[in-house]
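I've put the structures underneath this note.
The two complexes that follow have chain A in common; it is paired with chain B in the first and with chain C in the second.
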Partner chain A sequence: MDFMGITPSVLIASLMVASVPIMLAAIGELVVEKAGVLNLGVEGMMIMGAICGFVTAVGTGSPLLGFLGGAAGGAALSVIFALLTQVFLTNQVATGLALTLFGLGLSSLIGQDYVGIKPPATGAIPFGPLRDIPFFGKVFFSHDWMVYASVAIIALVWAGLKFTRAGLILRAVGEGHDAAHALGYKVIRIRVLAILFGGAMAGLGGAYISLVRVPQWTDGITSGAGWIALAIVVFASWKPWRVLIGSYLFGGITVLQLNLQAAGARIPVEYLSMSPYLMTIIVLVIMSSGKGRASLNAPASLGQNFHASR
Partner chain B sequence: MTRENLLTIEGLSKSYPGVKANEDVSFKIATGEIHALLGENGAGKSTLVKMIYGLVRPDEGRMILRGQSYAPSEPREARASGVAMVFQHFSLFDALNVAENVALGMDNPPKQRELAARIREVSEGYGLPLDPARLVGDLSAGERQRVEIVRCLLQDPKLLIMDEPTSVLTPQEVNILFDTLRKLSAEGTSILYISHKLEEIKALCDEATILRRGKVVGTCTPREKSAREMAEMMVGATLNSPERPAGELGEVSLEVRNLSVASANPFGTSLRDIGFAVRKGEVLGIGGVAGNGQDELLMALSGEARTKRDSIQVNGTDIGEMGPNERRRLGLVTAPEERLGHAAAPDMSLMENALLSGDVRKGLTRKGFVDWGATRAFAQGIVEKFDVRTPGISTAARALSGGNLQKFVLGREIMQDPEVIIVNQPTWGVDAAAAAFIRQALLDLAAKGAAVVVISQDIDEVMEVADRFAALNEGRLSPPVPTKGLTIDEIGLMLGGAHGMHKAEVSHAEA
Partner chain C sequence: MKRRTLLATAALALGMTVGGGAFAAGMDHVKACFVYVGPIGDGGYTYQHNQGRLDLEKALGDKVETAYQESVPEGADAERVLTQMALGGCNIIFTTSFGYMDATNAVAKKFPDVKFEHATGFKRESPNVSTYNARFYEGRVVQGTIAGMMTKSNKIGYIGSYPIPEVLRGLNAYYLAAKKVNPDVELSVIWAYTWFDPAKEADAAKAMIEQGVDVIAQHTDSTAPLAEAAKTPGVIGFGQASDMAAYKPSPRVTSTIDNWGPYYIKRVQALLDGTYEQTDSWEGIASGEVEIGEITDALPPEVKAAAEAARDAIADGSRHAFTGPINKQDGTAWLADGQTPPDGDLLGMNFYVEGIKGDIPQ
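The block that comes next holds the complex of A and B.
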């Protein structure tokens, strides 16, 4: 059952792997935006996660420590964003863009001595006989643990936002920071924590790129994945499970275009490579054109700075 | 009647850079008493209640609650001591449902299902039925307020603070609220009731403390004083009611027919089939509870939202497709409710703000270059004529107090000698003397032959200035009727329209 040399089970299995970085970054950004903060620095935090994770994994020889290092790297960069926007009340859009540029430069500086090195491998989980189930074995039981962890994180964020008091307070802060403040909630503190979580998730996603997906270090390794993650949050209308769907969709397009290139499709390679980004633009246009459809779900205080004196 | 003191306030002071918000304020509230805190905007009422609720720390003075020293450092502590507060605005979340909103205001909320049951029980017990699962963004202003009240009641408060609770309610809703408050008071809950509506205070409150510029200027028993006496204590001066010379009405100047506009805001109200006509020299008052389409109506009339070509006419010209500047050229000017950000650009100076709206009619630019001399003269004229208190016309709009900016924004439009003027909430947040001045300016404009439309939630204001009255309800406008001889009950029914308080709400709660 192959189409132009593309096997469906392999395609699905590889799209699940391909979508892990954007899924992690998008779910982190979703939490940040739910708290009312727009952090456009996802790309920068991802690439910082990628290099920090790579350096840690190479240094310690442990992929697990590598992922933790990546999360720490992303979170560290987000501390700058939190400090600037929440304490010094800088413009969130400009600060986010600056964060991306800073992250790209800094990662390139740190990574100078790491080009051409191979990181320790992250192996697939041995599921034993489950792996031999036709089709499903390949699709569901052939991955490394991060694939499963990323889906688990989506579930945790969904449940956390929906069922816990902390989640309710976080949503309240994003919906109306003045009201939340009037009720006595610490708006700034909650937002800083959300930004740190977003940074850690973006870093984790970045580390997955440099440790599993590629796996090596080159400058600009994330190649726009952070921007796609931002688009997915809008595409998902700020709903966690839709982030999963959106990530698989974009991951699928990425994998498909690679497969088509390999299969020698007659479409020029350039068009295929630009397709995920083109798709991002199209999705955003469609989502925001229907009057208020995308904006209906957007947190009401998104992107606005909070100052307690009001 | 001697009752035990619940809360004693002694010598409370609070200063902000440049202002003394409260100075040596002292008063007492007895158990079960409904105590009014009376004062104009900026008299320091809000700061005072924020100190009681733990949002602001006093610089000096002390509070004693039930015989014990009371100094809450945050609202949580205040709530734990039995002090609850219903806010004027800013404390509900549109995109969350009723139960979630209530849970956010409690320190140890029960499980959602249990909470929903208690919300039903308490809200119906006090005659304020609510459906816990509905989104707050879909509720009317009156229902939203119930959410706040129920949130407080669930915590069994000893003192309930209410900050201007009736500013968004219809007269019928006000009556229901008062019944609830009297019931609470009979059960021994004290209520601190903040308002500047004197008739309400006379009807409801046992004692009143009057604040002016941060100081207590008097106390009284509202039932024994006339509204006018209290108003004069509050303002510290005698008040003049606006007068209007009887003039002949001219021909129809502004005509609106079959105006339907979809709201740009997902929680906004779309306008449906609105029609009215205003003659030269006439004042049409459009009343309505907040959120019934006032903003959308103003946007459609100002030209911010385009409509069908023939749905709006000024002096016989179709202007439905024209933008604001083309309409200004034809003599139609508007002043929206939101002064900072809509009527005025916050970070621009008064002079620049005067230019932005006055350019077309006052000819403040020549061949693309700004005539700063003329602009300065125009802005200076507004500041002088409307008594705008500002260090100068180069001051940023943001730096002015709400009332002063409102005077500036309205003055800017009035000084353009419009043929048609539409204002939304012209005196919102303006002190009584300035409000009287603004109303007089609008009446003078009408006397000079302009058609005036006053959109306002303040029924007293509408009755004072308007020749005819129409009510806006869920985006529909009632046919205008003459204001002479209109009773408050009739107005209430017009305002209530489809979302009448009793039947509709109860059926929601059961659904």
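The block that comes next holds the complex of A and C.
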């Protein structure tokens, strides 16, 4: 069953892979924003994760340690953001943008000696006979473990936010930090932990780019994936499962437009390339209209700094 | 203080220009500046330009001082960077990407005493703008020959950056060379609309491989398509701009290397000697500006021999990448039997040759 030379199962399988980095970064950012912090430094944390993961994987020869290194690298960069915004109460938007620029520069510096090196390969999980099931075998059982891990992380974040006490506290901090403070919750501490989680997830997403998707290091390797992740959080109106859908949609369109071109379809690629961003703009417009139900879902304290003296 | 010295130097230079013969007196010291479209660590196009800059430093020692700026966007930013460089005391500025064409010419008008060298362009609006290019499409003949012989699915791919003459020349040359050795070959084209985006380039290669393409040529700057090709046994590709030796012996079976060093040395030396003149340089395999990287033993001996023969035939002039009869995609005649095109046709190439499917995006 092919459409214009494109096999649907293969297309779905490759869009699942293409979506992993933005999905991880977006779910991390979702938690950060749920805690009331707007960190625009996702791109910077992703690329730090990409280089730190790459360096670790090349140094140790283990892709698993590489991913841990990537998460650590992203988290390390987010410590700077946490320190500046939570302790010194700097403007979150400006600090986040600066974090991106800093991350891009620093990663390039660290990566100087790693250009043209191949990292150890992350193989697909051997599912054996399951892989031979028509359609589903290719779609669900042909991936490396990070693809499954990213979906598992979405499920964990969803369950954590919805069903656990910690999730409730995190949301309380994001919705009304003064009220949460009055109840005795440590607003700053909770936000710092959320920022670290966001950094680690962005780093993990970055490491997936440099270790699996592109398998190499080059300057600027994330090339804007962090911004798409930020857009997805808004697109998903801060709901974990919608992050999954949004990532597949955004990742899917990129893969689809390339496949259509390779198949020789006469569709202007420019329209497909811009469609994810168009969707984001539409969502933003609906949300800012103030009437849509989605607009109620934005954390009320998003982007506001907290100090106990106020 | 420094600015004042600079102005004095500029005034002196201007005086000399008026006095007689532009820069006839030569210079003791040249500051050469470079504008790069990507990061110098891209492992491809910009990396090679930077190697040329390093060659220049090595060859001319303390007579030359170099500066560069990387990842400069093509557009308004380029004009700002160029102005800054011209004000900052650069004597000669190399702008290394096609998209800097208008910015280069605009800034050159404002700084008649600074020499501008624009890579791969064709506009020389003022006497201080020269253009230089390399006949990269000659390397595509070698790649196309290998592609035509090596493909099992008869589907070969080309990842293009932007649909500009520079890229279309390579694409057409690649297809024609492949078709010459394998009449059944089909070309699949993806326009990435970027010179450098590893993730997108890898996805493009992946999309091609999924559709049965087994030889991928790229006209984008990163090594990502090769990294993607390496994941699937039997798929081969080529080093673009740089040798990309990390992917030897396969998937990278050969490469087209941009060797800019000799040109940079020649031009700066001319400036030092006072023999500098406006030029339009377009050299190829014969003069070494386009180098064909090692053809690896991953290829069967007869393919390797054919590729080497193609390379040597182009070097000695017995073969041209475009030799008639060639029709354009719409069936109209372009070149008659045995005819080769004038450079003007090549520089403005804006069509697919007959046999390539699909449209060029406008």
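Criterion: the second predicted complex is superposed on the first by the 278 of 310 C-alpha atoms of A that agree within 3 Å, B and C clash if a C-alpha of one lies under 4 Å from a C-alpha of the other, contacts with A are read in each partner's own complex, and residues count from 1 in each chain.
Going forward, a contact is a pair of C-beta atoms (placed from the backbone, for glycine too) under 8 Å apart; a residue touches a chain by one contact, two chains touch by 3 or more.
These numbers come from a predicted model, not from an experiment.
Engineer: Both complexes share chain A, so when I overlay them there, do chain B and chain C fit or clash?
Structural biologist: fit
Engineer: If you tally the residues of chain A touched by each partner, is the higher count for chain B or for chain C?
Structural biologist: Between chain B and chain C, the winner on chain A residue contacts is C.
Engineer: Based on the superposed arrangement, let me know which partner A:L68 touches: chain B (first), chain C (second), both, or neither?
Structural biologist: neither
Engineer: Which partner chains sit in contact with A:L161 here, chain B, chain C, both or neither? Use first/second/both/neither.
Structural biologist: Touch status of A:L161: no partner.
Engineer: Looking at the overlay, what does A:A225 touch: chain B (first), chain C (second), both, or neither?
Structural biologist: After superposition on chain A, A:A225 lies in contact with chain C alone.
Engineer: What angle, rounded to a multiple of 10°, is defined by the Cα centres of chain B, chain A and chain C, with the middle one as vertex?
Structural biologist: Apex at chain A; the opening toward chain B and chain C is 130 degrees.
Engineer: Which of the two partners, first being chain B and second being chain C, lies in contact with A:V55: first, second, both, or neither?
Structural biologist: In the superposition, A:V55 contacts neither chain B nor chain C.
Engineer: In the overlaid three-chain picture, which partner chain does A:M45 touch, first (chain B) or second (chain C), both, or neither?
Structural biologist: neither
Engineer: Upon superposition of the two complexes, what minimum C-alpha distance (Å) separates chain B from chain C?
Structural biologist: Checking C-alpha atoms only, chain B sits 33 Å from chain C at its nearest point.
Engineer: Taking the touch rule as given, give the residues of chain C at its contact with chain A in the complex, in rising order.
Structural biologist: Contacts found on chain C: 38-43, 47, 71, 157, 188-191, 193-194, 196-200, 202-204, 206-208, 210-211, 213, 222-224, 227-228, 230-231, 244-246, 357-359, 361.
Engineer: Would you pull the chain B residues touching chain A in the complex into a rising list?
Structural biologist: Touch residues, chain B against chain A: 54-55, 74-76, 87, 90-96, 100, 103-105, 109, 262, 264-266.
Engineer: Mind pulling up the chain A residues that touch chain C in the complex?
Structural biologist: Those residues of chain A that touch chain C are 5-7, 10-11, 14, 18, 21, 108, 111-112, 115-118, 209, 213-216, 218-223, 225, 254-255, 258-259, 261-264, 266, 268-270, 273.
Engineer: In their shared complex, at which residues does chain A touch chain B?
Structural biologist: 165, 168-169, 171-172, 175-176, 178-180, 182-185, 291-292, 295-297, 299-300
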